[in-house]
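Look for chain A in each of the two complexes below; its partner is chain B in the first and chain C in the second.
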Partner chain A sequence: MPINHWSRFGLLLGLLLVSACSPDAPPPSSVQRVDGHLDAQGLLSYDPGDYHETRQGTPGGTLRMSAALDTGTFDVHSSYHGNVQWLARIVYDCLLYQDENGKISPWLAKSWDVSEDGKTYTFHLRDDVTFSDGAKFNAEALRINLEHMRDPATKSPLAAAYIAPYIDGRIIDEYTFEAHLREPYSPFLYVLAQSWLSMVSPKQIREAPKSIAEHPIGSGPFVLQSYTREQGATFIKRADYHWAPPVTRHIGPAYLDRIELSIVPEAMTRYSTLQSKRSDFTLDAPAQNTAAMRASQNLVVRNRIRMASPYRSVTFNTLRFPFDDVRVRKAIAQAIDRDGLAWIAGFGELLAKSDYLAVNTPFYDPAYRDVLKYDVDAANRQLDEAGWTLRDAQGYRVKDGRRLSAQLLGFESPSFPSNVAVAVQADVKKVGMQLTIQMMPLAQLTDRRTAGNYDAIGGGYWHTNTPDGLYILYHSDSRASPTKSGNNLSNLSDPRLDQLLGAARRSHDPVELQALYSAAQQRLTEVVPAVPDFESQVLIAYRTAVKGLIFDAVHNTPFFTSVWLDQEAP
Partner chain B sequence: MKQLAARLLAGVGVLWGAATLTFVAIHFSAGDPVLAILGGPDAIPTPQQLAQVREEYGFDQPLWVQYGRYVGRIAHGDFGESYRLRIPVTEAIGKQIGATLQLALSAALLAIGLALASAVLTAKRNPWVRRVASASELVLSSSPSFVLGILLLLVFSFQWPVLPPAGSNGWQTLILPTIALALPIAGMLSQVLRQELEDILEQPFIAMARARGLSQTAVRLRHALRHALVPLVTLSGFIFASLLGGAVVTEMLFARQGIGRMMLDAAVAKDAPVVLGITLLAALVYVGVNLLVDVLNGLIDPRVKPR
Partner chain C sequence: MSTYAIPWRFTLALPNTFRPGLSLAWLFVIGLSIAALVPHWLTGIDPLAAAARNAYLPPSSSHWLGTDENGRDVLARLIHGVRPSLLMGLVSTAIGLGAGIILGLAAGLGPRLVDGAIMRLIDVLLAFPDLLLALVIITFWGQGLWITLIAVGVASIPRFARMVRAQTLVVRDAPYVEAATTLGRHRAAVVFRHVLPNAVKPILILATIGIGHNIITGAALSFLGFGASPPAPEWGSMLAMGRNYLANAWWLVAWPSVAIILTVVSITAIGRDWLARSEGKSR
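And then the complex of A and B:
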């Protein structure tokens, strides 16, 4: 999942408002702000109660919540919007779910078998699930959903690619479905747990696929009652729902009667409506207000990490001078002070990072987390060894009459705000490299990107629930070409890394997968295609009257089925 | 009648020009429309999807063929389907325009009302009154709506929560955005109006009216104001443009629905059909407003004959 297009406008206003109180000294660490416990080895563990219900809630009430952006459509198969992660869970269910350790677990599928050759998946489905239009969930419904995801008319930007190896399916009996893949693809089960691959009513897909965008029919715990684009949506509880994922330990229908979602692009308004009790919950808590919210007795702030790829400050084009030299790439990675970046970009909420997988991703290996850590001396040594020993009048390094200089392209976004760009520029200047920054509109950046015309690009992250996110960002298959889009912006083509990530796609053995993904994480710190700077994080805030909040183990976003309201709370 | 027909024809010409310019601008601006349709730069459509969309939308055709098809379609009232929302543009605009009209109309009324009141009450009065009025107009007319909007929010929604900060349901949600949108326009208009009124109050016929025993107020309202209205009507183009431009910012700030916000989202996402649709709608209204202005000017000031 790509750049989350937070309103640039909102950011601008936010900056305007906070510039008067900009932070001057970074705190020692932002570790305590992140949910969960980060141990000395660098492994993150969440409270188990974050993922399953610990006590029964009180039914009733309306949850009023705000989000910064509208997804524009409820047809999640045709979307790649970040908000689909939590939004789809309100009206839809998925075939599979994940447990708190990242292991695939049942949802609408009770169980599944994978053939020896990894190309045939057999799903045994629940037989008691219905969509809100009365249609049954069965093998045919699953088949129709997979077809809808890859139907060219759906114009799917994400789901279609995630199930690309799927050839066809066979209905063995009403509740048994056999999926045939072109090649072994172990991420298949993982992606089927993602919100973008939710199950839509087969009747609606057949009869009125265009209506899914505004009047979606799912099998989820709530039914959409009304939706006005850019304004909000109202959901009402479905009384006969009783198929929440077993991992959540939730029995029966959702506790809340209604959810009222408002789209509020302005950060200040999201914060102030929460504070004045005009809203109960915000899915996009403004980082500049979290200190005040944490200090308030009536508000709770949660800070969750998205799995897979962290935010990157710089992705190097490894085909171009000067980043075609791995020593230069490594030196730049070591020259950038991530703690400083995290502080100026996140008001102490962001967790600095110098390796390539988010700490809560399955098969994350913390062993290589310090290989590329901030170390100016090491950076200078690397550059000296690479032959950049001379300096010109401005103090920049020179080799063969050429200055160590490159251009960094960027687009204002949460993963790459201008102040981060400027800080990166200042950091690399300290080791004698000139970095010019060009911030540009997204469309222009896209053109430069498609044409391969860049030295380096700032920003970006990729959220998925499997370490296969590394394949999407760094495998040579993921390079873009005129006929193919791809997210390997570094144009890295490393046979060793390709072999590891490819083998991981063919394996289902956890021990083997751990070995392959550990080796891949190590290899990335050697080939340095990009500079990770901090974890990709989600900030939410809510009033203390909101109880029972658990997180979706797939996306680490709120899971509203188990949320309830303490009506007596102040 | 013949003049009206000629004007209408000219209006169609303006619309055609606007459609062509927008087409050219969108075509030559950055960003691949195929990617816009398939979810943006980070989406991972398959090569088959890319090829399919290129063909389906005719992007593989020469530019003049694309242009011809486009003009042909809009001549039939078909504005196509939004790349991002996947619904017909007319439907998308139809759902949003009500809120914008409400806001624009209430802001226009407020701005004109304030400008008239300020001009009539302060023109050629005590120099201090005049100076204060004139200074505040200068401040207002040079304050962008988003600054005023933030101040209004801070005071009336956050400090003293008397009005809702966001939404577009109910008259309460209309108050703050209306004020934020109207004040800069009112500031500008009342400067022009007072200047005009003061010029007119120097005219001999005003002295005549006074000599006939009419009160100062009656002279201003009945005689002078009528003349001062001519530039106001002429400025309605400016008012319209300010309302449209201001709506983008105001709708974002106050989380209102509307075509201003829709236009911004569409432009960022390179959703060409929506950008074209809204541009054409704006051009259409602009042409309509100007036609109306010519007619109105003729009514208010009989010396102005429509040529």
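And then the complex of A and C:
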């Protein structure tokens, strides 16, 4: 009955606690829990064996798995949901794939040519691929898919934007397709390897496009058997599948007979069902339970980093007071303790981050990783220099009679739980800034975003398999306007950054690309449109009976074609 | 009311019979009142002082009940969370009681048409569970402490209105009311001097128990994310946050649960004691 102490020991308690308040603990042990090898320069490399099958598995069995969220649709062209990354690989295939070094490699396209001017791409397709409704995969199927992605009726938030420079295509012969682009666009091949640009049956797109959402027909290793929104889905093996990406070294159909996917929003339940063997695999392992899972003999935890933009704690609206002043933005970036955020959100699983590209993205340059590092003194100096020298009665900085104050909008999600918002609020208060938090439903947040009515937005990441993710988040062309949507939430418009990112889109030369993207990463640490907090990470856990797990070289999410169950395992 | 029959001798003989449970309940409620009025007497720690690196520390000598998901002291947050919880219980019960008395009196004393109209309205409200009704109101008028208070209050109107009406119907035909009417007292005087006090007295006591009920409803709403926005300390939202960490930080859920249970049990125990005594005396 500890609470009865209050009334009895109240005063004593007050006195004691004032004196006993301990200073901040040292940073929580930064145990390297991420998969792969992080070298001294801050570059991450994975074991090549993570991406291809190393031994043949035993066919048969049902994999029971859980995920936190439902995508709500299987029409991946009309979605930007993160789960599409692994979900689409179960029922669909893509035109292209990537190898473990990030180079584009064949899948449904055997080979491809790019013209001198970078505006014409010719794809030579496999001639032995069929969809599960019997339709053939050929040049016409590819054309119909590209049309479906950009069809306004699809309302594509992602795929359409990724192929925006595509004008039209020409069918040269049944298995050769020529795509014409408006301008040179070097990320084109890369985006075609992403799950959101998977190939759907042309027959279904033509005859019943609405049915793709719940009864998708793809050419993938599994066929969807049943799907109940917000509850789960069942997939069964396709026996005649034999076109897994060559990089995976998998031959023939998938090993598993069935996959049963349950949608389980409660973190505790995902953990406890795994522990009690009522499920075999979870795609969203709760970070708070990973220590227990890692200690368990029967469970394996994997922690992978998604390429491109890391999680952001705050994205500033650079058009509005007080974030229209770059010195304020920089000060706030330096005031936020990223190690602390990574700890409260990730329990030692998340890698804190203060630059703008994930460590495993091609052309990542670690040279600027400490420019915006946590430094309260530097933050205070910045704010003093910016003229915020006076303080009001509550300790907040004031200039010209105006308090240094802003509102942070957020939506409760794994990337931005409300305790991260609260920690950010507490951190900036220490340098004299007032930040009020408003957590709201996603629909309301989207309205405010569209209207541009915000000082700052919390959360968000942008995963893509090229550093061109920077263009999508920070190029002035990516700003939203009443007529078009955009993901440049900071409304940043920096001519130098625009020039670098635009030039990178036109270049295919790795040396030039490295120079351009390095300069862009440096520039971002100078203009500070947002505060990255930790890497965008994929945390999964599974029972040791699950064997043969490899990762998708494009998204770093699980690739189920080669997974098998060791029936004898405990 | 009749389900809780205590022998009258027992309740009347209070000075001679020491009841430790009831005393503890009173002690606890007094403690709560202090915490609600002057929380800084009980703890010197700022309930909003977050330090991410101190998050999820188990109970220790420097943090008696541990720290939460932002490294804040759980005890300090519990103590500062008393005020919104009590406010929720008291104000929403007052709203429910006030509106319930007006509607119940009107229904009990008014013409049949008014009675029918009011009681059908009450029936419709009763068809919704309290929590659902409160959620509907919040959805329409938006989030915020005062909206939540009103929502919970409105949700408790039907209960009070029905009780007041039932009591009014009993009192209306009582001999003293008949006598007052026969003596030619003005109708309003009869209503306010004779009917109202006698009809409402037992309900005031039941309202005490309603306070506990409304604290739970308020905590449930805040658990569902309809309470004050973070970082304000609130028991329900502390619970909601803590449940994700049950397996590795049990103290985040344990203490707010204990606080809610003890508060509601204490208030209910006191209310029942009053009820039993009033029934005992009236016998």
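One rule holds for everything that comes next: the second predicted complex is superposed on the first by the 539 of 570 C-alpha atoms of A that agree within 3 Å, B and C clash if a C-alpha of one lies under 4 Å from a C-alpha of the other, contacts with A are read in each partner's own complex, and residues count from 1 in each chain.
Definition applied: a residue touches a chain if its C-beta (ideal position, glycine included) is under 8 Å from a C-beta of that chain, and two chains touch if they have at least 3 such contacts.
Source: prediction; values computed, not measured.
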item	value
Contacts of A:L341 with chain B and chain C, given as first, second, both or neither	second
First, second, both or neither for A:Q425, with chain B first and chain C second	second
Chain B versus chain C as contact partner of A:V300, first or second or both or neither	neither
Touched partner set for A:I437, first chain B, second chain C, both or neither	second
Contacts of A:A378 with chain B and chain C, given as first, second, both or neither	neither
Touching partner for A:L549 - first (chain B), second (chain C), both, neither	neither
First (chain B), second (chain C), both or neither touched by A:N289	second
Partner chain in contact with A:M268 - chain B first, chain C second, else both or neither	both
Shared contact residues on chain A - chain B and chain C	2-3, 7, 10, 13, 17, 268, 272
Touching residues (chain side chain A, partner chain B) in the complex	2-3, 5, 7-10, 13, 16-17, 66, 72-73, 75, 78-80, 152, 155-158, 160-161, 164, 210, 213-214, 228-232, 262-266, 268-269, 272-273, 276, 278, 441-447, 449-450, 460, 462, 472, 483-487
Touching residues (chain side chain C, partner chain A) in the complex	24, 27-28, 30-31, 34-35, 40-45, 48-57, 61-65, 69-71, 73, 75-76, 78-79, 225, 229-231, 241, 243-249, 255, 258-259, 262
Complex contacts: residues of chain A adjacent to chain C	1-4, 6-7, 10-11, 13-15, 17-18, 20-22, 24-28, 267-268, 271-272, 286, 288-289, 291-292, 337, 339-341, 343-344, 347, 412, 418-419, 421-423, 425-427, 437-439
Chain A partner contacts - residues on chain B that touch it in the complex	29-32, 35, 37-53, 56, 84-87, 92, 95-96, 146, 150, 153, 157-158, 161, 164-169, 249, 252-257, 261-262, 264-265, 268, 270
